[in-house]
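Next, two complexes with chain A in common: one pairs it with chain B, the other with chain C.
The block that comes next holds the complex of A and B.
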């Protein structure tokens, strides 16, 4: 992968697939969690820090602080930015550039959601948001780096059917 | 009596308990939570909340399968609670030890230490044992 920055939506944030898959595969050295809920939560930060390999540096932001940080930051190393849900990614869509690899990894199943893969379940609003982002950028739906990508262009068919 | 929760990826927790009971008989005051693919972590946390709130006993030990995995991460969020301990890397010898110990002790920290020890010491590379035996024989 040419791109050094990955924006991943994963409602489990840091867990087995991220550690054994993405971090090792791309030799990720910097991880940023963007989440208003756990920002400032010392215990959560401790838990996530304790499970990362030594070469990985973690910082936790809320959306506001990440916007300021990311705008001025130059990334030389492989970096993984984790969002808990599609709304958070969409809210910060103005930060996305062609240099960023967008990955949808885990979005839990709930009522009124469509199963896209075994780990990604989307409702109508999430489909709309992703379809809009897809107009400008490639979006890769897969839980692990070596999985086959699900093509998001097909989502327009879903959207038409759900109307 | 200290209560136990086993929480793992997939159905490992259920199978571990069933296998454990096959060896040492039926156990009570043990709860199983399985984290299936696509499951909502909020639902899992709700389930844990319910068990921990309803616990009227002497504390709870939560056994998880893999340090760093989602079951482990959720369980560790309860560490603020003094009556809760989390042990990661659960295996069969660890569980057997855990069920035996809670008949004798009511100390969460004592049981936890012994369980971790039992889990670790049961992992052996068999050929190395053979090597030791040969060496000693010579």
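The block that comes next holds the complex of A and C.
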């Protein structure tokens, strides 16, 4: 993959698929979690650091601090940025460039959500935000690096039909 | 050593029940129903006093490595006892133990057990089969059997126990052992393939392999396998011509 920065939406954040899939496959050495809830949570930081391989460096940001950090950062190695939900990605949409590969891994099923794939369930608001992002950038649903990209298309049509 | 808070026989029953923990796995709540099933058993047996409503909430979306589920049950019960929201801690530990468990059980222990069994096949196929089942399940059952007690003892700090036993290092060591065993396995194959094999060829194989490790600075099973196979083919071609 030419693009070295991966933005991934996965509500499990760091888990088996991320470690054995994404980190290993792309030899990712830097992982950034962007989440207002986790930022400053010492226990979660300790847990996530404990489960990562030694060669991985983890930093946790909230959206505000990530915006400052990411703007001036130059990435030499593959870097994975994890978001817990579509909203967080959408809120930081101004940071997205063509150099970033965006994928949706898992967004769990909740009440009133629509099944997009077997692991991605979105509500109407998330669908709207994702559609808006999709208008500008390529976004795929992909559980593991070697899986086929699942295209996100025609959601606007779907949203109109829902109205 | 962690003292047990439930009787040995009940720990054993919990282990047996945890074997069907994923029986209702689905995309909607993943292992949520299984978690409820095990927690309900503990609640009934030990009269922990979990309210029905809270118990019902545990059927919600949840996923972890099934071999480490009893740890999370122990953590959950400890958090409940300490009046801390147990489902919040469960949400943190689910993916974290999934990461640890998947890495160790699926990507280290399973290939290691396979390679060792493959070596034993040369001596006895039956022994190989027994070894495969016993070796893998020693770890599997140890974690399932003791997980509840450890999780309960450490509570939300259960990750300390994994750090204490250097659990992530097991994978690094395991990968080295897998590679070494793979070398032995392929050498044995080679020995069968080529009669009156000169031992110096095996030595060259080992040196080239070690050099490869130094060059790529990373242990890579596929690379090692490819290297051995290539050398095997070169050796056979040389012998034919």
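What we mean here is this: the second predicted complex is superposed on the first by the 162 of 163 C-alpha atoms of A that agree within 3 Å, B and C clash if a C-alpha of one lies under 4 Å from a C-alpha of the other, contacts with A are read in each partner's own complex, and residues count from 1 in each chain.
Here is the rule we go by: contacts are C-beta pairs under 8 Å (C-beta built on N, C-alpha and C of every residue); 3 or more make two chains touch, one makes a residue touch a chain.
Keep in mind that what you see is a predicted model, and the values were worked out from it rather than measured.
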Clash-or-fit label for the pair chain B, chain C on chain A: clash
First, second, both or neither for A:54, with chain B first and chain C second: second
Contacts of A:93 with chain B and chain C, given as first, second, both or neither: neither
Touched partner set for A:19, first chain B, second chain C, both or neither: both
Of chain C and chain B, partner touching more chain A residues: C
Which superposed partner A:4 touches (first chain B, second chain C, both, neither): neither
Touched partner set for A:119, first chain B, second chain C, both or neither: both
Shared chain A contacts, counted only where both chain B and chain C touch the same residue: 12-16, 19, 43-44, 47-48, 51, 108-110, 115, 118-119
Touching residues on chain B, where the partner in the complex is chain A: 9, 37-42, 66-70, 72-73, 76-77, 79-80
Parts of chain A lying in touch with chain C, wherever the complex brings them together: 12-20, 43-44, 46-48, 50-54, 108-110, 115, 118-119
List of chain A residues in touch with chain B within their complex: 11-16, 19, 43-44, 47-48, 51, 108-110, 115, 118-119, 121
Residues of chain C that touch chain A when the two form their complex: 27-30, 61, 63, 65, 92-96, 98-103, 106-107, 156-157, 159, 162-163, 168, 171-172
